[in-house]
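Report on the structure given below.
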Amino acid sequence: MLFEWNGSVLPQLLPRLSILFIYSLLVVYFREDLLSYNIYINPAIFTLFGIALAIFLGFRNTVSYDRFWEGRKLWGALLNDTRSLARQAHTLVEGSDYNKERTHFISLLTALVHALKHQLRQTEADGDLKRLLLNSEDDKFRPMVFKPIMILKDLGVWVNKAKLSGRIDSITQAAFDANLNKISDIIGGCERIASTPIPYTYSILLHRTVYIYCFLLPFGFVESTVWVTPFVIVFIAYTFVALEAIADELEDPFGTQPNDLALEAMSEMIENTLAEIDNKTIVAIPPPKSYYII
Amino acid sequence: MLFEWNGSVLPQLLPRLSILFIYSLLVVYFREDLLSYNIYINPAIFTLFGIALAIFLGFRNTVSYDRFWEGRKLWGALLNDTRSLARQAHTLVEGSDYNKERTHFISLLTALVHALKHQLRQTEADGDLKRLLLNSEDDKFRPMVFKPIMILKDLGVWVNKAKLSGRIDSITQAAFDANLNKISDIIGGCERIASTPIPYTYSILLHRTVYIYCFLLPFGFVESTVWVTPFVIVFIAYTFVALEAIADELEDPFGTQPNDLALEAMSEMIENTLAEIDNKTIVAIPPPKSYYII
Amino acid sequence: MLFEWNGSVLPQLLPRLSILFIYSLLVVYFREDLLSYNIYINPAIFTLFGIALAIFLGFRNTVSYDRFWEGRKLWGALLNDTRSLARQAHTLVEGSDYNKERTHFISLLTALVHALKHQLRQTEADGDLKRLLLNSEDDKFRPMVFKPIMILKDLGVWVNKAKLSGRIDSITQAAFDANLNKISDIIGGCERIASTPIPYTYSILLHRTVYIYCFLLPFGFVESTVWVTPFVIVFIAYTFVALEAIADELEDPFGTQPNDLALEAMSEMIENTLAEIDNKTIVAIPPPKSYYII
Amino acid sequence: MLFEWNGSVLPQLLPRLSILFIYSLLVVYFREDLLSYNIYINPAIFTLFGIALAIFLGFRNTVSYDRFWEGRKLWGALLNDTRSLARQAHTLVEGSDYNKERTHFISLLTALVHALKHQLRQTEADGDLKRLLLNSEDDKFRPMVFKPIMILKDLGVWVNKAKLSGRIDSITQAAFDANLNKISDIIGGCERIASTPIPYTYSILLHRTVYIYCFLLPFGFVESTVWVTPFVIVFIAYTFVALEAIADELEDPFGTQPNDLALEAMSEMIENTLAEIDNKTIVAIPPPKSYYII
Amino acid sequence: MLFEWNGSVLPQLLPRLSILFIYSLLVVYFREDLLSYNIYINPAIFTLFGIALAIFLGFRNTVSYDRFWEGRKLWGALLNDTRSLARQAHTLVEGSDYNKERTHFISLLTALVHALKHQLRQTEADGDLKRLLLNSEDDKFRPMVFKPIMILKDLGVWVNKAKLSGRIDSITQAAFDANLNKISDIIGGCERIASTPIPYTYSILLHRTVYIYCFLLPFGFVESTVWVTPFVIVFIAYTFVALEAIADELEDPFGTQPNDLALEAMSEMIENTLAEIDNKTIVAIPPPKSYYII
């Protein structure tokens, strides 16, 4: 596992690491001239840098991962709440003659999930909406800007119709409504992560600190470590810039990079489990590890 | 990206860093006199300082970012809950003849959002309130001190009117009321962050430690690193004071500095999405990245 | 800002720092004798201490600040929930002839806030209760031990009276009751922080480690840094003991030290905003920064 | 305060620290032989250990304190929710002729608190149950395994009786039931902490690392620090093993060690405040600091 | 305790540590040749590595433990909510003639718990379902993919039947439904942890950094520490790789490794306590420590 190529951040870092390697070689080669001009850095200085570097890298890493994990939790909550709503449609609304309406309710739920996926990835929702909704609904939703929220409103309209037809009372309507509120929170939560990156100044500062640090390193160790210097420095640099690169990918968990959330697979899984609650027979989906594409 | 000028904290730090640079040059120039008077600091001492410095900087940074992110979450929750209330007004209150009242309810919601923005930035709410509310309401709210809370009360009055007119029962009123409670929590949460800074003593201590630390640094490295000293020291100092400067901006997330929250853009976005729920046709707003002005 | 005297922890630390300074001077003066007896400490040892010191100081600091901030959040929630209850009294209870009762309800809320302030600071609540309540109530509450909780019970009695008089039904009563539960949580949360300090052993250990560390420092640096030693050591010691001193103040956020929460100002602010909801005209309070006395 | 004996972990550590002291003395005495055999460790190696040590100790300490504080929060929530239930019994249930039943309800609540205390400490609940409950109830609960949960069920039965007798409707019953759910969460939360220690492997690893580290230390510093070595090393070791010892005490916050939670005092305090809500006159309990026995 | 063999990660690490030991011995043996070729690393370089290593290891450790503890909390919440539902079935549903139905409800709850255990461990649920459910139900659930969710739906059907038979009204049905929602959240929370590992790139990077670091170590210390080197390096390596190994076990808390959660014991405990609420006599289960198999 030590040398495999699947980590996916190494390839994109290779050019920069190669430049650093060649640069270090040059410093080693001209070391005598540099030292004769007193161009030398006390190694203790690098441990002082270390304080700022550790705070920056640790902070960036933690915050990025928290965003990734919060995004995952929101989609987990989306699964839970759509399941709850589907269960409510089947166990709180009276009438065995109402199954077609229930199926429509579940189609709206599924459409909401796919619409949210498309909004977060800024892709076209048309295909999924056409597949899942009535034609009239599809026409209605197409020009809308906040599609998932508008579908949520239609779910509320559905619940109100059930009440007007006497199948539920206002107490049960409130129980549905509480879950609709939760879905509103989930949609807004996803929008918040997608629209608010980590303050840009952090990225710049971290970037600058990491690279200047790496390019100063040879001047501190060329005297004692000589020809081993380039190898060791490139390895140190690799750990720092790779950490920065992963954090950069995780920061926007709804993107399509290798370490981002598998929204596509998760949407399908939600569609599947809602269909099962709606008494459809479904086939076992592949083991859960695959939700999260490695 | 390494040398661009957009990070916005570098310009304000340049004067201090320049003074430190000149000061370091002087120490290097007079190094022989200093050493003859035994004015020298063992470099190991600076790593001991590092402990306190790391705790201070790490703490300040984490707390400031948490305040920024909590402020963002509160405005995200404001989006979610105003959307939920708008949906409730459209799906829980009976009567197709009631649309004018519903639009009024949504105007009150929008006015609340803008009023909160103005309260947090200590700007005048008059323009936005005049634009959104009836004349009589505008006159009523103008002299009030806690405008968002008083608008919230009027939302409660609206709900009670709907109940008195028989369009909702007390169960549905309670469902509205639960969301009004959440808005009360959001308003108070924003006020809490705006009114309670990080204890002042922390800022002083951190400030003192960072600057005294930087001005002691040359005495530790002048002997070994000589003329490279000023360059390296200014770079170390830059990472520390820049970190302090960002933390200072983020500490009050409702301000108008470059890294603060884009309350203006977020208010407009909420106004937009509420209008869409109220069956208005809206145009797509620019991609979400712009909520957060870099 | 670098040398101002407002930080309030420096004065109380001056005596100890002076002793350390004189002690360090003595070590420098007798350095030759000490070294001749081999009384010397390898500086590397101090970085090993650093691990324990960083864990202790970082932990103490984080936990103390978390207690401070949790205390602030609880008082923020008290603001939010009393506002919500005042809004409920005005928008959920029927009858324009009931305004006197509503004002009484809000007086009880205000009395509860002041009573909690007095309980947390172990001061006399009599003045505030007399000012806000009816004479009969004042007599009733005076001998009670848990005054805020008993006032909360009377708020519940008020709600029940409204129900018995037919102005609210049991659904609306439940909506009031949910907010009364939250106030119960807030009161208990404040009591928890006030009654449970950080385990005492931590304070002792941290105290011991910091002071023994500082008094060992001169033996490590006297040989290399000589007469600069006392100045540098006192500065290092200052950062450590000041951090400990702030943490000590924040640990009990309901006290009356300079960095503690401004319970007095916050109680007045709550009284003000509740009065405005009760249709009183209030004057703008000074800008929010003053809630928190620096 | 620096040398007092109340910290309670020092005595139990003295034997180990004494062994370390004697061992260090031996290393110093035989230092010339050791060095002649090249048995020497570069001090820089100990800072590398420091990384693992800091992660282990910091992690152990944080997790243990979090368990302690979560335990405290759960008991704080128990106070809040039992108070809320007592208030509900007095303000939501109709009838001045029902006070005897209300007192019985509050006895059940008090018994639940004591039963939980006994379950967590694995002591006999009989005395407290006999004191607080009717004989028939006492007989019923004695053979039961999960006593607090079974008393909770009886609280639910009490509420249902009030409903069957027409004193509350099902809405008010639901308000009671929501608080009973919270008590169920608290009981289960305490059981979770009591039954799931920190994974054992962590303790072993930390233990091994700390002790081997301390016993290697003399080999790194004997050459430079000579006879001061044993004193300094024992002090370093003391900070590490004391930190481990506190963490060990806090890990199980429901035990009876000096730093554990004062369940006994907290149960009495809850009994007291519930009695006051039940219109009993109580005497002021000693200042809150004593809940938590130092 | 220092040398016992129960920690369970040491055996699996022995081969790698042995290779490192032999490798270090070779470096020591050929040290003169290596130094004559200038193959030497300045020890200060290893403290620079330390920054990245500390961030990686600390992050991995914290995240893995958080996953373990969140898994434990979810199963704790499962205990609490199934108990609450069992209590509700006994105290909110009218009729002493309904006990058989109540027992069936509790069987469904117990089956849900076991089904979740089997889903998370990807084992066969058939045995447990056959033991707990009616034959017809067993046939129905066998082909289903998301068994716990489908059993949850049947719990909702049970509640609806109680309503249709007039034993509860829709308010009480909503109180049941709120707890069913919580169970839906728990099931989805477990699925989230099981299906989303820590981003794979982290594991690779950490793995690479730790091992390359360990294999570079001898070149830094062979000159000063000579024959003691292999022993010290293997001990340092042990702390790092053991930390990584524990984190790896805890990452998937629902597995069957020695440090994973004891789902089997916890399911039995839930079955036991639900049976007691259902008026069965149960025998005391062994002391709680055993839930968590060491």
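Letters A, B, C, D and E mark the chains as written, and numbering starts fresh at 1 in each.
The rule we apply is simple: a residue touches a chain if its C-beta (ideal position, glycine included) is under 8 Å from a C-beta of that chain, and two chains touch if they have at least 3 such contacts.
According to UniProt, the chain labels map to these proteins: A, B, C, D, E = Putative membrane protein.
What you see is a predicted model; the values in this text were computed from it and never measured.
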item: Contact-graph separation of chain A and chain E, given in steps at minimum; value: 1
item: Same-residue or different-residue interface between chain B and chain C, half as cut-off; value: different
item: Distance from chain D to chain B - Cα centre to Cα centre, in angstrom; value: 37
item: Between chain E and chain D, distance of the C-alpha-averaged centres to the nearest whole Å; value: 23
item: Where chain E touches two or more other chains, by residue; value: 44, 47, 50, 53-54, 58, 171, 174
item: Arrangement of touching chains [line / ring / star / complete / other]; value: ring
item: Circular arrangement of chains, read from chain B onward through chain C; value: B, C, D, E, A
item: Residue numbers on chain C that touch chain D, as the complex places them; value: 38-42, 44-45, 47-56, 58-59, 63, 122, 143-146, 149-150, 152-153, 156-157, 159-160, 164, 170-171, 173-174, 177-178, 180-181, 184-185, 187-189, 191-192, 194-197, 199-202, 204-205, 207-209, 211-212, 216, 219
item: Chain E-facing residues of chain A, complex; value: 1-2, 4, 6-9, 43-44, 46-47, 50, 53-54, 57-58, 61-62, 65, 68, 72-73, 76-77, 79-81, 83-84, 87-88, 90-92, 94, 168-169, 171-172, 174-175, 179, 217, 220-221, 224-228, 232, 235-236, 239-240, 242-243, 246, 250, 258-259, 272-273, 276-277, 281-285, 287-289, 291-292, 294
